[in-house]
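Input: structures, listed below.
What follows is a pair of complexes built around chain A, which joins chain B in one and chain C in the other.
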Partner chain A sequence: MSHNPAPAISQVRRFGDVAVVDVQGDIDLSRSVEFQQTLLRILDEKPSRMVINLEAVPYMDSSGVASLVKVLSRARRANTLLVLASLSPRVKNLLEITRLDSVFKISANEQDALA
Partner chain B sequence: MTLQPQSVATNQPEGEQPVIRVRDLVKTFDRRVLDGVNLDVHKGETMVIMGGSGCGKSTLLRHLIASLRPDSGGIELFGQDLIKLDHEQLDNVRRRFGILFQSGALFNSMTVGENVALPLREHTSLDDDTIDIMVRIKLELVGMRHAVHLMPAELSGGMKKRAGLARAIALDPEILFYDEPSAGLDPVTSAQIDQLMMDLAKKLGVTTVVVTHEMDSAFRIADRMAMLDKGRMLKVAPRAEFEAIRDADPTGDFTNDLIRQFLRGDSTGPLTSRRKNSGYEEDILDAAGM
Partner chain C sequence: MTSPAQPLRLSISSNPSHLPVVRAAVEKVCEILGFDCDTVGNVVLGVDEALANIIKHAYHGRQDQPIEIELAPLHDADGSIELLIRMRDHGLEVDPSSIKGRDLDDIRPGGLGVHIMKHCMDRLEYRPAEGGGTILTMAKRFPTVRKEIGR
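Let's look at the complex of A and B:
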């Protein structure tokens, strides 16, 4: 388990009512709570679309994945389209083995996620 | 084939430390149960520790999970010497491995879901929603999502093992220890649990250590195998080497033939002769009051 003191969300970029969230570092038990709370706060602003850019996330454990599921559930209730973009092979693999790859909308890169 | 008692196989990638390192481990209860045991387990491999009743394999497992302290020798997990760690450091190491006990060790007063959630409630600050999602993810991984609201008493033996396994992986462990995973299961269910263990090892990339005396299961799942006998490590080697010993004719070498007899489950051989002869003269003379 890594203990990365840096915030999980490095920046939020806004394009009209679309929010692009840049995530950095491993998301595991030591950071999942903060990761989830920050995402939920961004969701409170009711963007029409929220793109979570995971390009800089080499590893995520099941607490990170569960956090994303909770955010997805809230996003659906708020009519926000949630898109995961630029997944590393390990994160993609984790979503596949937990059979959640079909639950999330996943884009190969940020451009596709915004299209 | 050359046998090297007490040998430590070293097929690890150069420069990579083993995840588990046991050196010269000695433990004595009423007799010496572990007598200078050495063992390395490498990241991502499945190591099967085998041996007959009383050979010391369960005692070795209890040392590996830090529930026993050795009389002498060392045990390192993740490069940390367990004997030197304080309580908090030991807790941190314990969070990095999961254990499937023989019975599944589920709490009968809790549902399957509550059992799986227990380590998450004890060791994390995650909220209830997130824990519920994680419980379902873990149960899905072991094919038991449908059983989230069932009580342990409603489960078959195989289902109990699966539920116990879901709990063992609750905290995303890096090592999974299995204590006699086939115990009490019929052959088909046992094979299914073996398959699940292999699937999880591959999918999750965990290092797996299995203590068993079930040879069918051992040969199905092992990358490497370690054979204990009377507290001593007879041989640590890739599965293929043990398969070769099992399938070859007796060599006349005591150690080799002892391993062969154990692997084949033969009724005659060095193990049987040793048991027959062991202590008989002393017993009979004791009875005669000498």
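Let's look at the complex of A and C:
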């Protein structure tokens, strides 16, 4: 079985120089490369803040986390504030296991992430 | 362990697109066995990370190589269950002494899979397989039995 999975990024909404990125579906080894590449392209536009809305991401593995770490590193160099919003319990658990919950700025929901 | 149930066996190729299918199967087995939601999530994560490691390290990303997976619930006399998960690959043999996660204080992409597997499982053992490749055995123990499968 092999197929082309749906794009990890379903939508990018812009509010001035803030980008809100809607992510959909599981982020695992089959999708993390495309996930990372798309996020880095959005960062190239140098938003002042990038909110990654993970509400529709029920599952993420270490390759997805590695992508987020890469994006965070690039965002810091570009002076873009990166915020993760609306984490599912399993994604939250993964960040806690890897102790990255203290590295990322995490908001309970998109509204808080934009405040 | 007194009563091994019938194991569930899956054979997949090393294509990452198969990972969601295995995750779904593992989740369903854990649910049927009556495991709590947090434990189910950890078992699914541990299995997924182990498979991703096989694809990346044993097969160097080749997508057409065989992986065999076996899920075997072992029922103990006291009502507890240990779920044994065995994975067999036919790739490069792994030196068990070389398998370790990176320091979590070293914030960089990658190197988290083994740490996650150790966190999610109670036991983890690598050994060379006859004829080449590696067998990974992972185990997770659960305190209570609500349902049983394969018996």
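Things to note:
What we mean here is this: the second predicted complex is superposed on the first by the 111 of 115 C-alpha atoms of A that agree within 3 Å, B and C clash if a C-alpha of one lies under 4 Å from a C-alpha of the other, contacts with A are read in each partner's own complex, and residues count from 1 in each chain.
Throughout what follows, a residue touches a chain if its C-beta (ideal position, glycine included) is under 8 Å from a C-beta of that chain, and two chains touch if they have at least 3 such contacts.
Computed from a predicted structure; not experimentally measured.
Of the two partner chains placed by superposition, A:77 touches none, neither chain B nor chain C. Note on chain A: of its two partners chain C and chain B, the one contacting more of its residues is C. Of the two partner chains placed around the shared chain by superposition, chain B and chain C are both touched by A:98.
Legend: residue contacts after superposition of the two complexes on their common chain; A:69 is shown touching both chain B and chain C.
Of the two partner chains, chain C is the only one that A:26 touches; chain B does not reach it.
Comparing the two interfaces of chain A, the one with chain B and the one with chain C have residues 1, 28-29, 61-63, 65-67, 69-70, 97-100 in common. Here chain A touches chain C in the complex through residues 1-3, 5, 26, 28-30, 59, 61-63, 65-67, 69-70, 73, 89-90, 93-94, 97-100, 103, going by the rule given at the top. Looking at the complex, you find that chain A touches chain B at residues 1, 28-29, 32-33, 36, 61-63, 65-67, 69-70, 97-100. Looking at the complex, you find that chain B touches chain A at residues 95-96, 123-127, 129-131, 133-134, 137-138, 140-141, 171-172, 203-204. Residues of chain C touching chain A in their complex: 15-21, 23, 37-38, 41-42, 44-45, 48-49, 52, 55-56, 63, 104-105, 107-110, 112-113, 115-116, 119-120.
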